[in-house]
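First comes the structure, then the notes that go with it.
Chain naming follows the written order as A, B, C and D, and within any one chain the residues start at number 1.
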Amino acid sequence: MKVLAFAGSLRRDSTNKKFAREAVGLLVRHGQASAEFADLRDYPMPLYDGDIERSGIPNSVLALANRVADADALVIATPEYNGSISSVLKNAIDWLSRVKPVPLAGKHVLLLAASPGGWGGIRGLWHSRVPFEALGAHVFPQMMSLPAAGSAFDERGRLTDASTQQLQTLLSAFIGHVGSRVGLRAA
Amino acid sequence: MKVLAFAGSLRRDSTNKKFAREAVGLLVRHGQASAEFADLRDYPMPLYDGDIERSGIPNSVLALANRVADADALVIATPEYNGSISSVLKNAIDWLSRVKPVPLAGKHVLLLAASPGGWGGIRGLWHSRVPFEALGAHVFPQMMSLPAAGSAFDERGRLTDASTQQLQTLLSAFIGHVGSRVGLRAA
Amino acid sequence: MKVLAFAGSLRRDSTNKKFAREAVGLLVRHGQASAEFADLRDYPMPLYDGDIERSGIPNSVLALANRVADADALVIATPEYNGSISSVLKNAIDWLSRVKPVPLAGKHVLLLAASPGGWGGIRGLWHSRVPFEALGAHVFPQMMSLPAAGSAFDERGRLTDASTQQLQTLLSAFIGHVGSRVGLRAA
Amino acid sequence: MKVLAFAGSLRRDSTNKKFAREAVGLLVRHGQASAEFADLRDYPMPLYDGDIERSGIPNSVLALANRVADADALVIATPEYNGSISSVLKNAIDWLSRVKPVPLAGKHVLLLAASPGGWGGIRGLWHSRVPFEALGAHVFPQMMSLPAAGSAFDERGRLTDASTQQLQTLLSAFIGHVGSRVGLRAA
């Protein structure tokens, strides 16, 4: 099974990038899936603009769409901005939705959120489900929010123990859920 | 009373820009408020990025923030993308939220939506309320969605009669609601 | 595969009951699943009240919980009340959530909505996803809203042709999605 | 100005009832408003059922509708059930929406949430805004969630100091916002 992970943030030192990378590391180390991290900074996109689209969907969008299409499942760690979805994530979704066939349709998606505050981005997680579901993606019901994320990673970008265990349990449940379907599809 | 109107879309021929402009026209023609339209294309913003912010909030954001701060109320016409808020609008909100004091806090906001489809962007409207409310804006409970917007405007960009009446009624209710407060504040 | 269908409405002549029954009929006639309809009127529940719960979860709740637990998937047709979930459906969910293990956890759920109005309950559908997902159910991304439902059923309670086709297509997609997992689980 | 406060819970020992009563106490002690608490247990309502409605809206609903209509503003403390609105509150709203004119239309509403858990009902608060706004109520953007509510009240049902201060600040902002409008209406 192939998992693509990315973060809904552009900032180089983003805790959500660390969170997504940590998920990739756990999946690979436990042999649960082939997993890769994509940095949205490597897929620079303009703000969605129908006039730009008319002269062609940007190559960065097409390149990300290919990686999404190639994956069986997505793990997305995303910040909450103003109680809702991050603009970076929303913009990526909106561009991806213009590629036909829509690469997000039918994908399995696991949402994570790292947040500096105490609520851990719980409102942003729920708000972020909607556009994925509107595009036909299966968003896993369980999600994980990581409060106080500023101090949750050590200098190597590794999560502390308790959070690692929580993430590992969630990833196993997610992969178990997706795996049965993907295996069947492959059979 | 001062109203600032804009659209959550960049496209030059955007029906939501026409919708916002029509609201401005009605307010001015009926002497209900001083009203202006701002085209977000004139305030080009990068996707929100904490690294950019660290070297300074872009001038385009500061300029829009000044116009928002100067207004008593906002009328925003916005498309629905993938069942939720437009990435252009979300990005503008996220940048504006980084200006202190937050110019959206305490503002009165009326949301409109023009949509090519039959549901008129009703899901996008409800999704769009959230970040405004999270920032302390008073979003007017009534909203107006305009389905089949591709044929709703004539070549001068004017709405057909029935929709004009609906918009006028909504604007009057909104201005009446806001006006009492603004008058009081000014007194 | 076993499907349990019910409606988020108590009214005897409810169009949502007709909608749920029509889904059952299609599933059975096409041999896609073993399917049954449950009328919530046969499971009379008090409004959720922690004091009642302390003296025991009502038998009606336990009986419905058993039927839910016994099903692989749920098809729920539900009205929209005031832009959001029906109180009848929310109350059933809240009671079911007090039975351990929670019978809704891990279930596959398809949401339908019949509505007298033109929007077909689209806001109610999206609002209704949330408590199911919070309880760990997999709500199918695609949903079906039936506008103008007052005239959508003939005197035998059968849908007109175009809507039947739309419902059949959705049911096939849903059963196909669930079936692979259930088959695998059974294997 | 008249404020009516109630809780979206029936349980006698409900922390949300204590929270609503504490808001009433603060308003009265500070002379900010005439304020009363209504216990929904005194307005016993059946689950919403169109067949019941056809033979007449229950007297308990009409009595509560009168109290709501008579108030300028509502303060509602409500639990979160399964990530969303409480069934008790939703049922009260659905019944109230059947009384014409709808007593909730145009009312100012402040939402509070007491929760035994760590998130303090934040998802429930946001979910609870929707039906009020759909009915034309002005829900105050700021809300207050009280986590770990089981230990937040002393034996007299009074909040601890820090939470009292937070509630007082919020109530003052709310009353200040509503008061200007109500004063104007009365003039």
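Methods note: contacts are C-beta pairs under 8 Å (C-beta built on N, C-alpha and C of every residue); 3 or more make two chains touch, one makes a residue touch a chain.
Predicted, not measured: the structure shown is a model, and the values here were computed from it.
> By the contact definition above, name the pair with the higher C-beta contact count: A-B or B-C.
Result: the pair with more contacts is A-B.
> Among all chains, whose Cα centre is located farthest from the one for chain A?
Centroid comparison gives D as the farthest chain from chain A.
> Report, in whole Å, the distance between the mean C-alpha point of chain A and the mean C-alpha point of chain B.
30
> In angstrom, rounded to a whole number, how far apart do the mean CA points of chain B and chain C lie?
37
> Residues of chain B touching 2+ other chains?
Each of 83, 123, 126, 130, 133-135 in chain B touches at least two other chains.
> Within the complex, which stretch of chain B touches chain C?
Interface residues on chain B, with respect to chain C: 83, 119, 122-123, 126.
> Which stretch or stretches of chain C touch chain A in the complex?
Residues in contact with chain A: 126, 129-130, 132-139, 141-142, 177, 180-181, 183-185.
> Which of the residues in chain D end up touching chain C in this complex?
For chain D paired with chain C, touching residues are 9-12, 14, 45, 47-51, 81-88, 90-91, 93-94, 97, 123, 127, 130-131, 133-135.
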